[in-house]
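So, here come the structures, one by one.
Each of the next two complexes has chain A plus one other chain: chain B in the first, chain C in the second.
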Partner chain A sequence: MDDRIALQLQEDLTALIEKTGARGVLIDISSLEIVDSFIGRMIGNISAMSQILNANTVIVGIQPSVAITLVELGITFADVRTALTVERGMEILTGVEDSEKVGDE
Partner chain B sequence: MASSRTPAILKKYRADLLNEWLQHLLDAFGRDRRISESELSAQADEFLKLIEEAASVSGLEDPDVEGWRPTREFLDAISRSRAEQGFSSAQTAAFIFSLKKPLFDRLRTELAKNPEWLSEEIWKTSELIDKLGLFTVQAFQKSQETIVSRQSAELLELSTPVVKLWEGILALPMIGTLDSARSQIMMETLLQRIVDTGSEIAIIDISGVPTVDTLTAQHLLRTVAAIRMMGADCIISGIRPQIAQTIVHLGVDLHGITTRATLADALALALKRSGLAIGKNGN
Partner chain C sequence: MNDSLPLVSDRDIVLARQETRNLARQLGLSIVDQTKIVTAMSELARNAVVHGGGGSLRCEIVTSDGKQGLRLTVSDEGPGIADLNLAMKDGWTSGSGLGIGLPGARRLVNEFHITSERGRGTTVVVTRWK
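Presenting the complex of A and B:
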């Protein structure tokens, strides 16, 4: 995932949430192995934007190395819900809302 | 310059040399149970064979050339096994150096009529054996270093055992001082196990940690943050009264982190959060 793709994802996701009226967003970053401060901030921003558009956001599949890096960078994802697996993420989303929509990485 | 006589002498007296050398070796190693007589004799025999070959092909001057490679590899293997068996470097080097006396005796009897040759051959062989001995000591030291670094790596791994307490509940009992290297490994192992097992709750038990300073607390906080970030939760247990006092005196903010006094309390909480309950049989 590079900076351009992250920005593109931010555009596409917000547009899609608006268009479909999705109430939940699940971002799977299990195949993301390297993060920098920009990507870390983007992930947080994308979740915050989805929340503003009234879509609950869960980030799943954060790899150990990614989690360690983000903590070292001082990014804490304070307002973002995280889950270990897609299944658990979906449980959280369906628990909060009856309707859900999946947005992937 | 006349070609060296030593290879021929080595060949001629091999059996005698082996016997005499072995006698020296047995005097040195004899009562040592770490190495058997037959093993020692096999090694000595092999070594004589190798140097005889190398000396006749590549000469005695430089044991660094290609022709001496089998000999060097053999010495490398011997040094490694000696290091693993726990011999000292002096004992390892003595294996090579004890060949000097029998070999020089043979040279003396063989070249007695020509003192010039004799001194030259003795000088050459002595040089050669010194170089080989030096090589052995170097190889020995290298193997010892590998052993030490392997052991310290093993120690690090042993000191961070992640155990599964229940389905979905992991525990990491910490023992000893938490430094940066250990806490890094601890964090990585624990996070990896969380991913592998899909456990939602991890308990870090610090009963075995003697003291907590700001740095240790910092490491703990970072580990908890990383675990949270992955979507699991973390409970810190085994906080002794002194440590609780220290933490407050240091002004470390453990706010928002679940802590329990004992591992049992932490497990009870973890079970409760997983929706499990333990009761007496029949109740």
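Presenting the complex of A and C:
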């Protein structure tokens, strides 16, 4: 993934959230062999932007070697929700959705 | 193997990552070590492209005391870094980044040498031993 694609994703995703009214965003990064500080920042930004647009974001599929490298690099994803797999990510998103509905009633 | 790759565009950074990954794999570095050196290279390459006005990457397998390692040299002929001590500090940034590029890259390798001269450019040499 080059820098421009990462930036484009940020724009496309926020536009799509607005258009569809999506309440959840699931990003599978299992195909990324590395996440450097630039891509890490993009992921954090996407998560924060989605949150502001009232959509929860879950990042799934981070490879173990990428997790080790990220922490040594100094990126902890403290404000980013993560899950190991797409299935678990979906569980988080639908769980959040359900509990919020209950809260609204 | 001794190669020099241009670092001018985003696309060059991607190609440089692939080249570094191939050599790291060829050397037999573990997946974690491969990921570390490629990530460090990506940080340094981005610095060269964004702050150095473009540069180049040299990748080589080196031997010392019977150990083998992957050595990367990223150099640019940009404005140089005014205060190296400051640039190596976590959280310090000259722009819009997170300020973890250089200190983060240093943590991902076994050896890290940086030289910079104002108006002349910056060269960073990093090595990850097997």
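The working rule: the second predicted complex is superposed on the first by the 97 of 105 C-alpha atoms of A that agree within 3 Å, B and C clash if a C-alpha of one lies under 4 Å from a C-alpha of the other, contacts with A are read in each partner's own complex, and residues count from 1 in each chain.
Methods note: a contact is a pair of C-beta atoms (placed from the backbone, for glycine too) under 8 Å apart; a residue touches a chain by one contact, two chains touch by 3 or more.
Since this is a predicted model, take the numbers as computed values, not measurements.
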Check your understanding: When the two structures are superposed on chain A, do chain B and chain C clash or fit side by side?
Key -> fit
Practice item. Mind working out whether A:D3 is in touch with chain B, chain C, both or neither, as first, second, both or neither? Key: second
Check your understanding: In the superposed arrangement, which partner chain does A:R41 touch: chain B (first), chain C (second), both, or neither?
Key -> second
Review point. After superposition on the shared chain, which partner residues are touched by A:L73: those of chain B (first), chain C (second), both, or neither?
Key: second
Review point. Taking the superposition as given, does A:N56 touch the first partner, chain B, the second, chain C, both, or neither?
Key: neither
Point to revise | Contacts of A:E33 with chain B and chain C, given as first, second, both or neither | key: second
Exercise for review: Give one of first, second, both or neither to describe whether A:A83 is in contact with chain B, with chain C, with both, or with none.
Suggested key: first
**Study point:** Closest Cα approach, chain C to chain B, once both complexes are overlaid on chain A (Å)
**Key:** 6
Study note, to complete from the structure: Both partners, chain B and chain C, contact chain A at residues 63-65, 68, 72
**Study point:** chain A partner contacts - residues on chain B that touch it in the complex
**Key:** 187-188, 191-192, 194-195, 198-200, 222, 225-232
Check your understanding: Across the complex, what residues on chain A touch chain B?
Key -> 59-60, 62-65, 67-68, 70-72, 76-77, 81-85, 88-89
**Study point:** Residues of chain A defined as touching chain C within the complex
**Key:** 1-4, 33-38, 40-41, 63-66, 68-69, 72-75
Point to revise | Residues of chain C that touch chain A when the two form their complex | key: 10-11, 13-14, 17, 21, 31-32, 34-36, 38-39, 42-43, 46, 90, 97-98, 100-101, 103-105, 107-108
